[in-house]
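The data blocks that follow each hold one structure.
You will see subunit A twice below: alongside subunit B first, and alongside subunit C after that.
Take a look at the complex of A and B:
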């Protein structure tokens, strides 16, 4: 039998490929089935206009876990490593920060920033350990789980009284209060708020946003880079690593059913009607897609389906791509500045106000923007002399009142352009072509329910022990042989690879 | 000059409860109060001829029954009467009512949605389970998780076991419940907007958060965990107004030999060599005692009444950043008669007996919060409106009525500056207008209105920003984090100085638990026999 495998992975997103590579390394015969014609999931490079390409969804690398890099031997080919973040101000005296270095703010803010940064790094390091392992179950007598919990408790204690108290105080807090307590400069507060809320349905005042901020730092300490050839470049490398370990990857193979018999998986079936057999199926798709569509409620217990149904996963981040005939003029900018990560978030209030709209199913009138010009460091993306601008814009809620139409898309992209214009006066003359991906488009193109970065909102009630749902946080689903390895499982989204690696470890330990 | 064993600063319900337990243990206790009346925010006063107003706190449920029994408050005149359900008026002329009678409640809910009526039983079982869990923590001192003292470790293990007893599944539910927003929590059960709106109110009362802010499901709990006569989750009126609660505590205190001095505002807590010596009154008089207990909120205690140099820098900073946010205002209204509500039938049991709300959608609830974030009062506010005189006729002349409107949101300052009189009037008008939309004759019946912004409450009662909980009920300010990590066991960083107000665990509401818990710690330090009840006997 040629279609019998030791494990079948659904979806060649980065987590799926990482998981498959780690499984294949132990000699398993692994098949990865990908619906689209290229691998990478939401981390691909593709054309969006004649001769212009871009990282179509995720566009910056800042979370790829060191453990993943090490285990797979990934050597990212950076087009720009350790980017600075530039927060645009009206007068051209922009704020810049990278790691613990900061400029453009007064001495007091600088001192406080370093203190803040150091503390956040310390906390994120603690968090990191637990992001890179299976979350323990609570209230069981399982020795392993108890050991992990005991170690977690010990690690928190080991930080010392003061730090421990700060950790326990901050972990559920909102970033707004912490920033307000520390800083004066509104642009700095706006930028750090943005770092905390990107990709979530949260505003800076929402409790919990310290956690999302720590999550951003956990692993690479928030060091932001871009990849040669866009995110797809990195994905191709991971693909070769996986294939090098013996993984078989089939693209254009959309799985439409996970076959279940007597409470155990037996394999999968694709849209094309092909059947592949395995007693182990690992899904890189989001939990809702996996359990409700591919498995189907008929195989599941009512309370479990109820919980899956209740996972909140409505995306708010949209992606805009612009083909430019020249770089727009930005006051105070020099050539090298265009290579950095640029934020438009003039204050924490601005970010919160942008979020207000999302609560009522409206798109932000003054959106928060994360901007890059990847073509300034990577000539493969645009013709000579021309450029690509890639923007993450918030908030554009998945459930827009009245739904996303051409009109409402135009309205949002006009809003983005009007914000751009306040810093780039000649932007209109530069644009040749543009594309807007709303969360609804992202859902469509990348098969992510709700078009959400994290495959499920990143909040304490959907974190660690209770991610994706209570009682199923250890990658194993309540069907024998079925596992999750995508961002919907612990720890969450972003190009981190932790989910795929953790899932592989769980599967290998089981065998 | 007489020297006391203990001076309690502030004769609010927590100060009095604290003083009563200490006096009961045989200590010579003086309670000083800045106003010429006692009760703090649990008062009933005559602000309009022949009308007695509970002009701050207005309903009763959280007062711990252990305290009620232990101090025999019934002997000192406290009687709480449950009131009848709650009501949500709708823009389309309909209404949604909650009845105490489960049959009636189910029928009414089913009138709006059969699905929700069925979901409700699941919902109440789940929330009640959380209530039962938290109620055990209320009359206990929160353990310090960083401490290696046997007592803290023992307490941590005890609490840990309490959680483990829940079992794996319920443990996860608890984690989710404590961290979710009330809106999302309700979304998991209900589908009807007005029903969700009705239930969500308890998630935001008294906090500077919106229904969509994570952590508000816990606030819900804070309003469900009380009881009247053993009916958990029920609210009632104290006969004679909320002042009856304070008066009964004062009565108990005095029966144990305690002394109360009103019009004795404290200017400074006297500290020498990191030890408290007593208090200096605003009049200049000094009173001495080796133990001083402050029932004021922590900001007022440490920022206003103490010298910064007497406090550790870190502690001072944390107190300064402690979040006490003015988020609610009040209107107290004297009425010439009972207003009519066309949405209700003439003999509806809700009239005057239910707490009424005039907002019917989750979006309106959240938008009310957006106004607060913008530094202004809600133009379409959430009003918790009661007419206590319909249940308790002792407070007003026959046939007349008293209406209490708790209004959210209302900031302590307008865009960072003080309120003007015009703005206060406009705030009052937005409340009266909203009610008039559902009661055409309401405006004509008004005899007198007292409008209170958080600033007014602070000026009169002394609570920073008029916050009813003496500090936000967010996770960073609960349990061992309340008020300041490391100082959650009622002891201030100065020897002999204690805190017993709502800024301490378990927080605000007319609960008296902080006062009782602080008394237990003080008695422990003084090596005296404990007089404070600890466990819940009949749950």
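Take a look at the complex of A and C:
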């Protein structure tokens, strides 16, 4: 039969593509079915205005795991490698940091920052080891799991008494308290808070925002880069690697059912009615979408369904794209500064206050912004002399009171523009066209429940042993032959590829 | 007037005024938040009413849930282990439901009242579980315990009493069937169900007609030996019928703390209720595995020599070797009607096959002093009490 495969991957997000390529490398016949017309999931480049293109969701690369790069032989074509982060101040004396280098703060803060950064790097390195392998199961007799657990305990202990205590003290803590204790400069505290909460439904005072910060650093130590041609450029390369390994990819093929018989998968069916058969189905879709919609609760256990249903995945980050006829004026900026990563988060209180609105179903009046001008390093995105501004703006809750409408979208994009204006006085004259993607739009366009990039909040109760839910953290779902390979599984979201790679390893070990 | 802010600590059923009139012992216990009489005048006499005439027991406190909506059947089919597609409107199913690990949460009866409309009755409350089970199903769940008053009317003369009361359609009503009648302008549902293992019915009505129903029933039963009964008499009858009671013969899975204290339906002798040919039901995967690998425990019905009740006794594989302990008794009684010393127990596999002989260590007290006896017990595979009249349709009149 022609529509019989060794494995079917649902969704051509970066994890799905990486997983499919690794499976196909072992000689398996692998099919990838993608709902949209191009591969990449939330890592694509697409047009948003005449002659202007942008990375439509994820726009910066800072987590792609070295193991993934090595295994697949990816050679990322950076348009800008190792970006500096510039925290905008009103007077133009901006704070800049990259790795352990920092400027624009006093000597005391500088010293503390280096100490803070070094410690965070040490802790994130510990985390990194565990991101790139199957999470161990608690209460198990499996030798491999027991070894991993023992190693985890040993690794923590090996840091020494002081560091171990610090690790255990910090891991569940909020970043606000830690920053407040260490630093004086509000802009620095605002920026580090932002690094911890980007893409989450958390404020700097929410528990475990140190963990989310560590997760950001794990792998590349927070080294931020952009890719030539946008995220789509990276995905095109991964696509050719996958196809070179023999993966078959069908776009515009939205899977609407995972077929189950007698507790085991038999294949999938698309909206168009095509059926593809396989005893191994790997879903890059989020866990809720996969289990509740594609499989359906009637095939699942009650407590398991309950857990899946309760996964917290309320997206709170929105994406704004502006087509510009010129770069806006920013006080104290030189030409090369526009190539960096720019934050507007004047203090830790500012970030927390922005989050306050989201708690009650309102969008932030003064949002937190992460800004890039990708066209300054990549001429393929905008016509000569013109530019693209790509912004992640928080917070814009998925469950907005009254729902997202044209009015509420306008209100939020006005709020963003008003924040921009306090640093870019001529921004209004620069804008030709704009696009706002709220979490509701992100859900629609990228098929992510709740529009949450991480496919589930990254918190201690949805982390490692219990990601996506307790009892199924090892990629294997309670339906025989069904696996998850997306960000909803361990370790989590971001363009890291670890989920896809770990899932592929689990599937291959099973054979 | 000082305590008005304190709500009623224990509820009274709509039949309470009539029961208190007949009650001379004043011994009550708490059943799911309601006062329930343990015995009214003499538990032995009440027991014999069940077996020789008719006993009436107030089952209003039994937890009742109404399940409706387009997915009601699929919902129940996934919830319980048996095939609910076979339960047509007008039929009642005894069923068990399990947690994800295939361990019994409770047993109960599911009434298919009308097409797509069900009532689930159980001893324990389960709304949280039923609610969790409804995720992804288009069903409406309603807790209706207080909205329905119910009486169990059990015993050899029950058929004649209900006929005498004017119930129509009883002749065709088979065991585990239900019919609807009208009573004083309200709907009266009659099901041929019960917890006594005998001929008997259960009557279900709106609480505002409860007292009128009680009066009509007792008027009709005057010449047929009708008696109100309490929990103790019923408890003895259920042991004779070898019916399981939660918290006695098994623990609802979510109430246990220690591992290994739960039981699967296969370990409770309820394999006939587990339909593996169904595509899915909760606990199926775990139970299939148990079926392949073998169960840890077996439920046994024991016929024990002598007349000393074997409450909570250890069970041994051999008489002389008390290191060979293999399990324990969960319910025991002297059965007056069978003239047998009966018990239900749980023993480790592979023990517990019908025909096996086991030993039960019984301790009993005589004037403060304790005595011990090792009694031989044989395993029986049928209920201790199973009269022909229980299954006969129409039943014989009196």
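Basically, the second predicted complex is superposed on the first by the 511 of 511 C-alpha atoms of A that agree within 3 Å, B and C clash if a C-alpha of one lies under 4 Å from a C-alpha of the other, contacts with A are read in each partner's own complex, and residues count from 1 in each chain.
Everything below uses one rule, namely that contacts are C-beta pairs under 8 Å (C-beta built on N, C-alpha and C of every residue); 3 or more make two chains touch, one makes a residue touch a chain.
The model shown is predicted, which means the values in this text are computed figures rather than measured ones.
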Touching partner for A:292 - first (subunit B), second (subunit C), both, neither: second
Which superposed partner A:250 touches (first subunit B, second subunit C, both, neither): neither
Contacts of A:161 with subunit B and subunit C, given as first, second, both or neither: first
Touching partner for A:401 - first (subunit B), second (subunit C), both, neither: neither
Partner chain(s) touched by A:177 [first = subunit B, second = subunit C, both, neither]: first
Partner touching more residues of subunit A, whether subunit B or subunit C: B
Sites on subunit C touched by subunit A in the complex: 74, 78-79, 99-100, 129, 132-133, 135-137, 279-280, 282-285, 288
Of subunit B, residues touching subunit A in the complex: 145-146, 163-164, 166-169, 171-173, 175-176, 179-180, 184, 187-188, 209, 212-215, 314, 321, 323, 363, 366-367, 370, 373, 474-476, 480-481, 485-486
Complex interface listing, subunit A residues touching subunit B: 137-140, 157, 161-162, 164-166, 168-174, 177, 181, 202, 205-208, 310, 312, 352, 356, 359-360, 459-461, 465-466, 470-471
Complex contact set, residues of subunit A against subunit C: 261-263, 292, 296-306, 309, 478
